[in-house]
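Listed after this line are the structures, all set down as structure tokens.
Across the two complexes that follow, subunit A remains constant while its partner is subunit B and subsequently subunit C.
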Partner chain A sequence: MANAVAIPASHEESEVITKPVGNHAAGNSRTCDTTGLPVCLTAQLFIRLNAVLGVVALLAGGIAALLIALTRWPAVHLLDPVWYYRLTTFHGLNMLIFWILFMEVGILYFASTTLLNSRLFSKGMAWASFVMMVAGAVLVDVTILGGKADVMMTSYVPLKAHSNFYLGIILVAVGTLIGVANFFGTLYIAKRDKTYAGSVPLVVFGATAAAIIAVVTLLHGALVMIPTWLWSMDILKEVDAGWYRLVWWGLGHQSQQVNVCAMVSVWYFLATLTTGAKPLNQAVCRGAFVLYILFINLASAHHLLVDPGVGASWKIWNTSYAMYLAVLASMIHGFTVPASVETAMRKKGHNRGLFGWLAAAPWKNPGFSAFFLSLLIFGFIGGITGVTLGTQQINILAHNTLRIPGHFHSTVVGGTSLAFMGLAYYVVPLIFKREYYARGLARVQPYLFAVGIVLMSLGMSFAGSYGVPRRHWDIEFTGAQFAPGFGSGAHVMLGLMGVGAVIAFVGLLTFILLTVAAVFFGKKIENRAMTPW
Partner chain B sequence: MPENEEKAAEVFAHEHEEEEHKTPGTVVLTLALLISFAVYYFANWKALADVWHVR
Partner chain C sequence: MAVKVHPIQRLMDNPWLLLALGIIVPFLSYTLWGWIDMASMPKATLP
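And then the complex of A and B:
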């Protein structure tokens, strides 16, 4: 029986189950010594591959992040304009698309196999997905760094990049779609083979919501990217700029909802692992995921609030009534997740006062601190700024200012990315079966990253309130005929952003170094539970 | 022994059985969120009114 993992079975997979169980073939599953959950070895291989590639993208995007942040900080103003725009494009794609998507495909494989006690539907599809995603990501990165795609992450037409840039994005999108199809295939065989009883766990339900939105998202991606690709090769004469923006945000916004769904699922998962919490009310939590599926698409209108190509009533309908229903879903999760932790902690006897349960929570466990900080940053900064910016009238003040990156670095970075880091503190011991070194440093890492992102996010937001634009190389307008017009207040805020960015980068690098050291050189975990955090 | 992690399989198997719960701390956190939102939202409308005069 061929083993699914590269490392010989005798060395590592010591608790492999040699009889066929459930729908697993003989020798292709194991029981986790720590959690008691079943692990499909094929899924394990691809979770590992996806996690490694995700971290590589995070490193690439992180280095670019530091450089562009040090450029936006006027006191440093590091890069020249060409490299500022080039690396901003590079940063956006490696972070928002590659890091996040590699992790999400891994999460989908995990949720559908381990939590449903099923094997992965197709190893061939998993390979196809992985190879396409890697090839696409490499193509995009090479094209950007070669100076052939300085079009920013949004690549708004009529800005034109080299055709390989669009081709790379299409490859990543199709690869992801194949991964999502593999997830649905696994749901199907798990149901068919009755590998679980009753309805699926909430984490799987959330992952399914994410996958459904991902399909709609990726279809928008194909709809907009294929014509643009043809246009970049002069096969199509023209792509309408207004049409491009409208359809592109069907991709750009909804992919953020995939992230939110995945992040919320990770919250529920980490809450269970770190505090023993369980969802309080299944119907409410599941209903909230359904709200995401139904209303998210419409909310993409908030990216077009100053777009002259669409009408006022369209904007207002989509961004108020429809968007609030999606926001409602986030508020439900934002309430039920901490409530489930509170319930679990109180049951263990931590009943003192209003917040005794929170004080007694496992703050030294990086899986917990990353998850809870992610929840707080996402809710308090991301949520509040997001709903405010999504109001049509207010958006006119904020459009294209640094308030926008200030907002999304508190959602997709302080929220999603931090939650994924917390997840890694369990994925490495449980799926890679390796211990982390420097555990004291690992305990501090989520705080470091969170503090950095919060400072940076606030600095960006308030600099934006002073009118400082986003995607702008030189707000001093050196050599221009007119006065720059940004006072000391804006400069203080940009300084705050710069300091925050440096701290966040140190947090990010710490995470990567710890994780790489653990994955490749960490102490092996065999026939025993992981050392608890 | 990691006590919480150990229970994971069990929690996932039994998560559908709901129990009584009281969560006053979370309610306070949620109220803090709503108040922060109201303050920020109001400040933004105020800023808008300062920039765009309606006569």
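And then the complex of A and C:
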């Protein structure tokens, strides 16, 4: 049969099932020459568009990151205060919102079409989503760079930005929500048309968990940003500052939980692509995703642990109890993903000693190294710092210090961004159908980026432990009558942060240049498999 | 004979139920409870 394809098995009992029937319109699908998976051509277009815009946002946010880090490094202190705060706002939105959301919409389209052998639910919705997201992101960036929104990413009221800033965020949020709805629509038609048998594959289940968390996130975004937008135009008299903080963190932190879910799904996907790994126990892995769906959003409460507006019971339940159920889920994934790789490597005969399988792993494959380093950085540095900062007693000491960015740079950058980079090393050959140039450089890139992020994150965390505040242009209060001053230890750590940031930026730039060169000028892959990494 | 599916597996196979739970649990635990806490806070008295 012409369009017979093998799709991944969803039940542990079954191996690989052959599913002959997709629901693609004639001429609107192709079979990947490398994986044998079906690719919906409409979805392929929007995966490409979202990936390109994601990388553009990554570049913009990355340049801002370097300039900010070189300002926070007291020995350099590059920018003036106006541009420091302006670019910190710009950096946060481009890196934490735009880069991640564009990539995640692309991942949702890929998971729901290719892995379920289905067409995309609606091309019109995909266009609406993409246009709104691009328009919103451009509006936000232009407003910030025009000096009309120096309010930081959190934009806590009563700090007031130009109304276009809030409108841009609303457009991005609604555009993303339409993309998520398109994903759920695709799940619906795939099940209706019986394009797969049994449960959905684990990667699709993880993407579903990410989409559910995204819905909660974006509803909070609409809830907080629409009244704030009206307030910025003087239509509403005021927005309560405490209420704003509560609901905003339902957007600000929960959006990072979407990242966690998408990143873990990418780990499972890359583990399969690079080593042939299969999840050891579907029920355990899916159970961990269910814990994310139910409990991970409650972790937003740790941002309000020093807030007087909410009570101790609310704080203790939402952080010290409920959050640990989500942490448990991360620990499960942190063990099951490497365990699946170990099993796959041992099956291939790499049984020497306790860690012979790990030594024999495909470390020269940037898809593997990026995902495994992402797992280590997220699990060890990000996880340990996150759990401690989510504890009320420690939070009181560490709140608003550089320890906080030290934590989230190891989760969002060392974890999510690095995993997404690893994914790109397969998305470009499989979806853009182009080969990478300079493959030796591509093999080194994940290590370069990972080393830089680890140094930067540790430098931030330890400087924060010395009391260095976050989001501060001049911690020495130069010229003030009573300068507090920080010891040499803090300065060494800030220097470490600066050196790490420079290395990470070189790694980031390498990734972007390699990817842009491959997408626009790479050797075409037609009627053949991609060159293996 | 139809295979008996475990209730938790049925839950995991139902994205709509997961979506509903994923909205309701954080809304009740984080958002609504937080609103109630804030609304029940007495106004500060000016010195």
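The definition used in the following text is that the second predicted complex is superposed on the first by the 510 of 533 C-alpha atoms of A that agree within 3 Å, B and C clash if a C-alpha of one lies under 4 Å from a C-alpha of the other, contacts with A are read in each partner's own complex, and residues count from 1 in each chain.
Just so we're on the same page, a contact is a pair of C-beta atoms (placed from the backbone, for glycine too) under 8 Å apart; a residue touches a chain by one contact, two chains touch by 3 or more.
Predicted, not measured: the structure shown is a model, and the values here were computed from it.
**Student:** Is A:Trp314 touching the first partner subunit B, the second partner subunit C, both, or neither of them?
**Tutor:** The second partner, subunit C, only.
**Student:** Give one of first, second, both or neither to describe whether A:Ser199 is in contact with subunit B, with subunit C, with both, or with none.
**Tutor:** both
**Student:** Determine, under the contact definition given at the top, whether A:Ile212 touches first (subunit B), second (subunit C), both, or neither.
**Tutor:** In the superposition, A:Ile212 touches subunit C alone.
**Student:** First (subunit B), second (subunit C), both or neither: which does A:Asn297 touch?
**Tutor:** The answer is second: A:Asn297 touches subunit C but not subunit B.
**Student:** For A:Leu115, decide between first (touching subunit B), second (touching subunit C), both and neither.
**Tutor:** It touches subunit B, and subunit C stays clear.
**Student:** Just checking: does A:Pro338 make contact with subunit B only, subunit C only, both, or neither of them? Give me first, second, both or neither.
**Tutor:** A:Pro338: touches subunit B, not subunit C.
**Student:** Go through the superposed model and pick first if A:Thr154 touches only subunit B, second if only subunit C, both, or neither.
**Tutor:** Neither partner.
**Student:** In the overlaid three-chain picture, which partner chain does A:Val387 touch, first (subunit B) or second (subunit C), both, or neither?
**Tutor:** first
**Student:** Counting only touches as set out at the top, which of subunit B and subunit C does A:Ala529 meet: first, second, both, neither?
**Tutor:** After superposition on chain A, A:Ala529 lies in contact with subunit B alone.
**Student:** By residue count, is subunit A touched more by subunit B or by subunit C?
**Tutor:** Per-residue touch count on subunit A favours B.
**Student:** Residue by residue on subunit A, keep only those touching subunit B in one complex and subunit C in the other, then list them.
**Tutor:** On subunit A, the overlap between the subunit B and subunit C contacts is residues 199.
**Student:** Give the list of subunit A residues in touch with subunit C in this complex.
**Tutor:** 184, 187, 199-200, 205, 208-209, 212-213, 215-216, 219-220, 240, 242-243, 246-247, 250, 254, 283, 286-287, 290, 293-295, 297-298, 300-301, 304, 308-311, 314, 317-318, 322
**Student:** Spell out the part of subunit A that touches subunit B in their complex, as residue ranges.
**Tutor:** Listed in rising order, the residues are 34-37, 115, 198-199, 201-203, 272-282, 334-335, 338-339, 342-343, 346, 354-355, 357-358, 362, 379-380, 383-385, 387-388, 391, 393-394, 396-397, 426, 465, 529-533.
**Student:** List the residues on subunit C that touch subunit A in their complex, please.
**Tutor:** Touching subunit A from subunit C are residues 8-9, 11-13, 15, 18-19, 21-23, 25-27, 29-31, 33-35, 37-38, 41.
**Student:** Taking the complex as given, what residues does subunit B use to touch subunit A?
**Tutor:** Checking each residue of subunit B against subunit A gives 1-12, 14-16, 18-19, 21-26, 28-30, 33, 36-37, 40-41, 44-45, 47-48, 51.
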